[in-house]
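The following pair of complexes shares a single chain, chain A, combined with chain B in the former and chain C in the latter.
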Partner chain A sequence: MNKIIILILLLITITGFDTTSDQFMTRQGQVSFFSYTSVENIEAKNNQVLSIIDFAKGEIAVSMLMNAFVFKKSLMHEHFNESYIESDLYPKATFEGKIIDFEPLATGVQTKMVKGNLTIHGITKEVEIKTTIENTNGTYRLIGDFEATVKDFDIKIPPVLAPNIAKTISIQFRFEYQPYEK
Partner chain B sequence: MKNKTRFLTYLFIYLGFGMSIYAQSLLDKLDKEYPETPQYEIATFKSTRIGIGHSIENRKKGVLQVVAMNRYWNIPNRPSQSFVADKWSARIALEYGISDRLTFGVGGTTLDGIFDGFLKYRLLHQQKGSGGSPISLTLFQNASYKSKRNRPFVDVNVFDDFTDKMAYTSQILIARKFTPQFSLQLSPTFIHRASSAFDEDPHNHFAVGFGARYKIGGHISIASEYYYVVNPLKSIETYDAFSLGVNWEMSDLMLQFMMTNTRGMVEDAFILQTPNNFNLNDGNFIFGFNATFVLHLSQKKL
Partner chain C sequence: MVGLYIYFGVYNNRVDDIKNVSPEVKIDSGQLVSSFILNEENANSVYRNKVVEIDGTVKEINFYNNRNTVLLYGHTKYTSVLCDMQSDQIENVKKLTKGQKVKLKGICKGFLKDAILLNCVLINNDQINE
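Our next item is the complex of A and B:
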């Protein structure tokens, strides 16, 4: 009798908590950022951003390694990691939030707000990002851009170099999701 | 009774199991998805030199460094009217990254008219976390040519043939970044002098360099270096080279300020032929200033 109950419970566990079918994931998400000043233009791109969406809950998470950003100048990569973002101490940037009023089943393009917590350089800020979601044949594409203020994330820029780095950095992202399999 | 307890245990395990799955956030899930590619330490030192000597760092492929090294000092017992310092020596050098691991450099020094060329090869990269190499290792080889006599000092080499004026330095540079701030370098050195003016002087010398840097800010670090010579020259009195200074990195420009006791800027000159100890007396105290400008001749496509 007890064994049967346990079996039933186990079955419920396996089926009931198996939410993988509702989850979509990407391992090659793209995030790039730009800093335009009259002195210098800085541009970097990360092609190995991880992101996952849970459709059942409308939740989204993004995680990336800071040292995976590629710069045009190799020395910039070193300075970015060593002097500004301190990737020894804060190796990752993350985002965790919700897509507001998300309709997973709607095909075509929909524009939604994504609200959540963005963590860079160990500092978490609440942000709202306008995102374009495109559903084509069961794969989802999220595209958008937003701006972040350098000061908000406690990134120290020495006064001598202040003209070289923009006060606000524009960030672009593009994620193409596939159904998540373990 | 026994069955009941067993049932309860299973129930709790089940609940615990269920909750642990439920508690797993999407971010935790992503953390497990990172591919296990090795992560290497970068910027053990900010510059290709710690102060007076080379560090394990190389510049990447297609990067040209223009280096201006300067040493200023006063002549002792001289009622000097000179501006800032009585004497000045400069070494101008070009260093180019042939590949991410290999650097080639040439330089010319005003004092003694020394011309030098070197190759530097990065053999090992220190890996983050467990596994991989715990140290970074770079091989260094140079050849230097001393074109001028160093009056009134005694010259330790012969000036007859071209080859007499040569000296060769080989170094194994070993470094480890212990914390994001603190790095240490050990540099076993072998120097071969092609000629000797005095029979008592050996042709081959062994030395060990010790270097360290401590980062006091994102852009500023304190760096110090010391070279111990195992078998120094015997014909003249020499001292071990020492330097203590500040490294200041600003974008494409690296500035290094240091107090040192050596005028030399090429390995065999400063390791073997430093004629004075480190103190603040005129002639012994030398102020050093290196400016390194980094030019990216080839840029990555994004």
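Our next item is the complex of A and C:
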């Protein structure tokens, strides 16, 4: 009798970890960036960032359209897309990485490092980003921020506008994941 | 002439109201997603940064990130056209129901897992209200 119960429990455990339930997704993640200088502050938001997490592998992938960043002023949007990021040539920014020591079953908040490759403007850099991961009733929220240096991604700012753009841009992200429907 | 109008209406003032801008392309939501999946580069050259009018069926309405978002079914039930609605559309967006057929227009930004449109306005509902 005990063996049967163990067998049933085992079956529940195995089927509970099938491949489809290992993947979580958001198609409406939020990424914002800020450039603070004494001349002006620039802020932009993208509310349609795609991200998928594979819990079994501890892997995370992020992809966003650069022309979907919304600015307060249309001229900033134009400069960003046409001169700096060149979104016609490099329409997407991506990140692919691993969450180090990720514990998918832990509830509440955990703080982890994510290590991976960040690609902006066609240039890939290895980065380490700190994130908080909150697990509430099977939905996961990742929140964090990091800094990126404009020069690292070969983004050319004309000398006349150099005082307006910070050398280091601060980037914030917020992703709320749901179980992945294929 | 239409080109000039769109140029001044969208490119010079692209964060503003597109209600009065004529769509450059009209397409069904399923066909839009299919064309991106078939050949993203080609679809980008046709739809990207253009005002597109879409016919589709409401798959989901949500308010994540304090935005009003309407998802239309793509070519399968797992794909979609993700429409970020203009803020003045909130009352009309709230009235939408899953499965409802709608017509809207917005600026196509490209494709990730879904086709993405920003600054969207409903067309049918506008006509009813005005």
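The working rule: the second predicted complex is superposed on the first by the 164 of 182 C-alpha atoms of A that agree within 3 Å, B and C clash if a C-alpha of one lies under 4 Å from a C-alpha of the other, contacts with A are read in each partner's own complex, and residues count from 1 in each chain.
The rule we apply is simple: contacts are C-beta pairs under 8 Å (C-beta built on N, C-alpha and C of every residue); 3 or more make two chains touch, one makes a residue touch a chain.
Bear in mind that the values here come from a model prediction, so they are computed numbers and not experimental data.
**Q** Once both complexes are superposed via chain A, do chain B and chain C end up clashing or fitting?
**A** Here the two partners, once superposed via chain A, clash with each other.
**Q** Which holds for A:Tyr84: it touches chain B only (first), chain C only (second), both, or neither?
**A** first
**Q** Looking at the overlay, does A:Gln28 come into contact with chain B only (first), chain C only (second), both, or neither?
**A** second
**Q** Which partner chains sit in contact with A:Lys151 here, chain B, chain C, both or neither? Use first/second/both/neither.
**A** After superposing on A, A:Lys151 lies clear of both chain B and chain C.
**Q** Examine A:Val160 and indicate which partner it touches, taking first as chain B and second as chain C; both and neither are also allowed.
**A** first
**Q** Touching A:Glu181, do we find chain B (first), chain C (second), both, or neither?
**A** Only chain C; A:Glu181 stays clear of chain B.
**Q** Is A:Asn67 contacted by the first partner chain B, the second partner chain C, both or neither?
**A** both
**Q** If you stack the two complexes on chain A, which partner ends up touching A:Lys125: first (chain B), second (chain C), both, or neither?
**A** A:Lys125 sits against neither chain B nor chain C.
**Q** Check whether chain B or chain C contacts more residues of chain A in the superposed model.
**A** The partner making contact with more of chain A's residues is B.
**Q** Residue overlap on chain A between the chain B contact set and the chain C contact set?
**A** 25, 27, 48, 50, 63, 65, 67, 70-74, 77-78
**Q** Under the touch definition given earlier, write down the residues of chain B that touch chain A in their complex.
**A** 3, 6-7, 10-11, 14, 17-18, 21-22, 25-27, 29-31, 33-35, 39, 42-43, 46, 59-61, 63, 180, 217-219, 249-252, 294, 296, 299-302
**Q** Please give the residue numbers of chain A that touch chain B in the complex, ascending.
**A** Residues in contact with chain B: 2, 5-6, 9-10, 13, 17, 25, 27, 32, 40, 43-45, 48, 50-52, 54, 59-63, 65, 67, 70-75, 77-79, 81-84, 86, 88-89, 94, 96, 156, 158, 160-161, 164.
**Q** Using the touch definition up top, name the residues of chain C that touch chain A in the complex.
**A** 11-16, 44, 48-49, 62, 64-65, 67, 69, 78, 80, 82, 84, 109-110, 112-114, 116, 118
**Q** Could you pull out which chain A residues touch chain C in their complex?
**A** Interface residues on the chain A side: 25, 27-28, 30, 47-48, 50, 63-65, 67-68, 70-74, 77-78, 91-92, 174, 176, 181-182.
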